[in-house]
Amino acid sequence: MVSNSGSLHRQTLVNTGEPLRVAVIGAGYWGPNLARNFKASPDWELSAIVDQDLARALKVAGPLGDVPVFESLTALFGAIEIDAVAIATPARTHHLVALQALEAGKHVLVEKPLAASRELGLQMVQAAADGGLILMADHTYCYTPAALKIRELIEADELGEILFIDSVRINLGLVQPDVDVFWDLAPHDLSVIDFILPGGLAPESVAAHGADPLGTGKACVGHLTFALPNNAMAHINVNWLSPTKIRQMIIGGTKRTLVWDDLVPQQRISVYDRGINFEKAGTSAAQRKAQAISYRLGDTWSPALPEKEALGLMVAEFAESIRQGRPSRTSGLAGMRVLNVLEAASRSLALGGEKSFVASNDVQLEGTR
Amino acid sequence: MVSNSGSLHRQTLVNTGEPLRVAVIGAGYWGPNLARNFKASPDWELSAIVDQDLARALKVAGPLGDVPVFESLTALFGAIEIDAVAIATPARTHHLVALQALEAGKHVLVEKPLAASRELGLQMVQAAADGGLILMADHTYCYTPAALKIRELIEADELGEILFIDSVRINLGLVQPDVDVFWDLAPHDLSVIDFILPGGLAPESVAAHGADPLGTGKACVGHLTFALPNNAMAHINVNWLSPTKIRQMIIGGTKRTLVWDDLVPQQRISVYDRGINFEKAGTSAAQRKAQAISYRLGDTWSPALPEKEALGLMVAEFAESIRQGRPSRTSGLAGMRVLNVLEAASRSLALGGEKSFVASNDVQLEGTR
Amino acid sequence: MVSNSGSLHRQTLVNTGEPLRVAVIGAGYWGPNLARNFKASPDWELSAIVDQDLARALKVAGPLGDVPVFESLTALFGAIEIDAVAIATPARTHHLVALQALEAGKHVLVEKPLAASRELGLQMVQAAADGGLILMADHTYCYTPAALKIRELIEADELGEILFIDSVRINLGLVQPDVDVFWDLAPHDLSVIDFILPGGLAPESVAAHGADPLGTGKACVGHLTFALPNNAMAHINVNWLSPTKIRQMIIGGTKRTLVWDDLVPQQRISVYDRGINFEKAGTSAAQRKAQAISYRLGDTWSPALPEKEALGLMVAEFAESIRQGRPSRTSGLAGMRVLNVLEAASRSLALGGEKSFVASNDVQLEGTR
Amino acid sequence: MVSNSGSLHRQTLVNTGEPLRVAVIGAGYWGPNLARNFKASPDWELSAIVDQDLARALKVAGPLGDVPVFESLTALFGAIEIDAVAIATPARTHHLVALQALEAGKHVLVEKPLAASRELGLQMVQAAADGGLILMADHTYCYTPAALKIRELIEADELGEILFIDSVRINLGLVQPDVDVFWDLAPHDLSVIDFILPGGLAPESVAAHGADPLGTGKACVGHLTFALPNNAMAHINVNWLSPTKIRQMIIGGTKRTLVWDDLVPQQRISVYDRGINFEKAGTSAAQRKAQAISYRLGDTWSPALPEKEALGLMVAEFAESIRQGRPSRTSGLAGMRVLNVLEAASRSLALGGEKSFVASNDVQLEGTR
């Protein structure tokens, strides 16, 4: 098979340290950002832009030095040799595009959400596993210097046990034609929570409350709550109708509490060495109620963050996971965990906020990446 | 009966324009604030401080010009003539104190929450109605210049139809011995929502999600959601464990959106003339989905607010409602509406977030104030 | 003469409504921004990039669609016909480049500061006047939506008489090799003050105080003060050593006060309807002291600003002033007014802060643009 | 002499650890604050309130537990024994009141400014020295937890060499009948600078620029600049006409820069570990210009500050300096250093901003406190 032999041929190049070759599929809103970052990366050679609308593809390809354009994957694979594709097509098409690429032996990066449904996402994960290929979710926010620092601080146990996570992402946003505000905005919060928690995102159930006060046919305001380990809780607030923009995640811990305010460029992360000192005096209810409580008012600390573009770090991770043959930090399974929650949220929303069980990534896939 | 004749006697004075006479019951945390404001008001004569702990009562009474102190309502009523009592005792005792005062013919102001349960609150409302007396809830936040201005703007239809209300009240707060974070903090948000919405606070049901990650035996983090008229939704976030203090209410409307940030003294209220222009093209789902959407980015406006203490305005309203024989702006029934929601929230919380029906103030009470 | 006939030839085209043709001179820090905006403008055709370092010119020209590059003005003028040049070379070379272009009959846009000295600047203004050509200063900040709005508000007398202007522009900034912090940063503040005040920037004298605590050989911290009409005063604070970035201009007026905070994207301009009501009771000292003073605490208002790039508006103004044969809104004489103040500031600084007279644009130039 | 023997008598008591006895002189704006803090202090017994207007004195004395009142110092000293007086009368009377108290053997605390002129202030300092008595300046801001922390950080060399100090104190403020904006507001900034700098406030000269755009007969807007050791510079901006309130001091150092924003209660002090790395390559101009410059972008740190009232700490320091027989941390000489600068500022202002020499505390006073 042409594509497979191509893959094998390229595999050799992978080990030589030469740049990997990638095609960006989809020249709409997000594709040009991916293309620009692949172009700027020493790890990658941007080999093609693919879009059904060739004029649109050309508009992206031109300023980047006349990158070749194609109007289909078939045309692409028939013409040039590449190692990987980056999919930035509408969500409902992720599945077909990814499967075709995986079957052709290409590593795959997919814009969030991984797929339009859990079912389809699982097929993608299985196909990648079967082919020994990398399937990576483009969870861009996880590669911001802020999220990387938060993950590092939690790993180093700087916050202690997590008590609550409260994430607000509200803004005047265009009502999307095909998805509600949960599917549009919450993947950002969910993927970050998955990224920073040692155990990842794996709630048993979620409750989603939403409203559609403008009669658009889909929720424009939404609240998602779910339990975290150790009786902690997470809450995500997404809203398309707010004229004030808020992008804030508060992560409360037994040792310290961290606030990520993404709209304060000079001080995105603040770590408060404040909290409630709470001596767990015993296990009975009476003992718990009797225990002494006191405040701790310590310093606040704002770590310096490197000024790096998240997308640049993300494409570097894509290359590195391919070269090292290891799952990427935001793997297909991470994409699935986000998808599992989104699907459960939709079910809960349909049931008026009733708790809805979250499917787990229980399919054991040998060598899944 | 002594107390009744006293009441009649005083009733005459009420009409003369002389100050009304009030006793503050409870010299703990809130009582001194009430006492200070009654003392400073031209509408009132602060006639007594009552507390089981006479030393505590004296400590409040002294600096206010040696106001008489009593250790019980019985002692108080037996000794001096008063028109009204202001109850600032623990919540579980509101009911007994209020009933004794109402039976003695006194008007009653009660600190929030009105009573420890809906059942007991209804008895208080009924007793006030039976006696032709004012029963007022001390919903202090409703008398802040900010809340008064918001009510005025909504009445004048400056915001249009309400689309959502999102209220955040989080802070490092002492875990309370007897109530959870909902009963401690949410009454503020609920009473304000009741105050500013033309139809008051009357959701059919609520869902409450909470967490007790410290094992205190009660929720320390909480989220309350309920529907508002016209498919709008309200969300209240209360949290005792947050080192950052946020007190913000966003009220989204079809015309404008208002943000009340209580921690920005110089600009507490901002009115954004921004939003989504959304032409309701028809009633079918297809029509709704097809309609055109556009942004409106207008000016922001911050009304000047008078610098007045809410408690001062509140005690003035108490006097005025007594003199005019009309329900106060935060009547006993308003207190009941808050209580109805809190009780339903507790039930929802116990059921893991399941929607819980909110009882209505369906008891028809003639002349209820 | 080739160039003149070229100019006449092009002059004809000017009237046809075809795009004007411009060359950007200097491919360093600022040139690429100018080039990008000329490229994107319907008013202009970007005809060439000129830089002694051709490789650098090519790097700018390539992504813009392979614009021709030249290594000197002579080469440029010998090769293609253009209407105008935009000069973004080091300040000390502005004079020579501009004179050569003006002599060749080209309209000229010059990056701030207009020239390295008042003397040289005057020659440029004279040369433009002699040739009937537009000489425009690239005072970019004047074309921000914020500055345009401020000018409009002051013109409409919304602020009343100006009482004071206080402008702070501090940041961690690279110590410049050739200019001090006044020449580096203050042109922004000065050009805006010139732009928004009906009478322009024409103080009789200025005082400059600065410090060079790091021993760099030039001031890194600076304060500039000068009188405005009607006993008002202006103060400009520039600082390269501050880790906090502040870009704030306060314009106090008898009616209202305006604050421009350029780092708050969603609310750059706030207009405070607050102030001191001050009845001028008479002219004697006693009368002045006796007059009544009271506060006015009105609303705050934040006008919506269009999201337009200043550079885009600036190149449009350049084209329009050429087509209409009128001085541009930031003319060469405006550039001179800024230069006059900077030179006086340098003299004051050298004299330890002594007031230094500001030369006026007293050279009467017929038809100066 | 009665007063002296009284002083001796009390001197004994001082050593017993009993509270010291103080009278507050002046029951206007500031006196009540002093009285309240003396009353609350375990170090002090508030023995009297003195005011020519006895009714005003009574109004202060009543709520504090019926403290005795007097209408003159003479009446006071004839009636009761005290150790100290705290003077809160108009500035022009400080001198006479203080001298009378010092001659009577009383320790003296004086509200800022120490006296109406340097001449009069020196007499007070001399009189205190002659009598072996404490003369303390009520530089309240120096006792805020923020200023105390800043002094501590500078002492511990956490900021490195000071490069610049920039202090802004602007607000809508009542135009004062007798003093200009420099004398009204700048003492706060000057006293803090004196307090935090190891060498205190001792500039050789100052330049003051001001404006009186409303024709009040005195400056309402002012800028004060002066040199600090090592070629650093200080700038103080005071303004009565600004509707936005700013109280911010930036202290730039070679190691770190500190920002004190007094209007952000939860984070008043931020220490930026950012700056310019500047290797001093040599002493010649050429060497200085050639040296390498680079940025350092480190963490930001906000130390927790205890929530203590400055006035409480100030009256404690007054007691402690009396008991220990040592100058207070804000001694009469510190008050003089502020006065020296204010007088020079007035001279500079009168001369249109010309640098004016600052008198030094060159009078050697034995045992001055």
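As written, the chain order gives the labels A, B, C and D, with residue 1 at the start of each chain.
Going forward, a residue touches a chain if its C-beta (ideal position, glycine included) is under 8 Å from a C-beta of that chain, and two chains touch if they have at least 3 such contacts.
Note that this is a predicted model, so its numbers are computed, not measured.
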Selected interface, B-D versus C-D, where C-beta contact pairs are more numerous: C-D
From subunit B, the most remote chain by mean C-alpha position: C
Length of the line joining the C-alpha centres of subunit B and subunit D, rounded to whole Å: 44
Separation of subunit B from subunit C, taking each centre as the mean of its C-alpha atoms, in whole Å: 55
Multi-partner residues of subunit C (each touching 2 or more other chains): 244, 274
Subunit A partner contacts - residues on subunit C that touch it in the complex: 62-63, 65, 244-245, 266
Subunit B-touching residues of subunit C, taken from the complex the two chains share: 267, 273-274, 297-304
Subunit A to subunit B touching residues, read off their complex: 161-164, 166, 170, 172, 174-175, 177, 207, 209-217, 221, 223, 225, 227, 230-233, 235, 237, 239-244, 250, 252, 254, 257, 259, 270, 272, 274-276, 278, 280, 285, 288-289, 291, 293, 295, 352-355
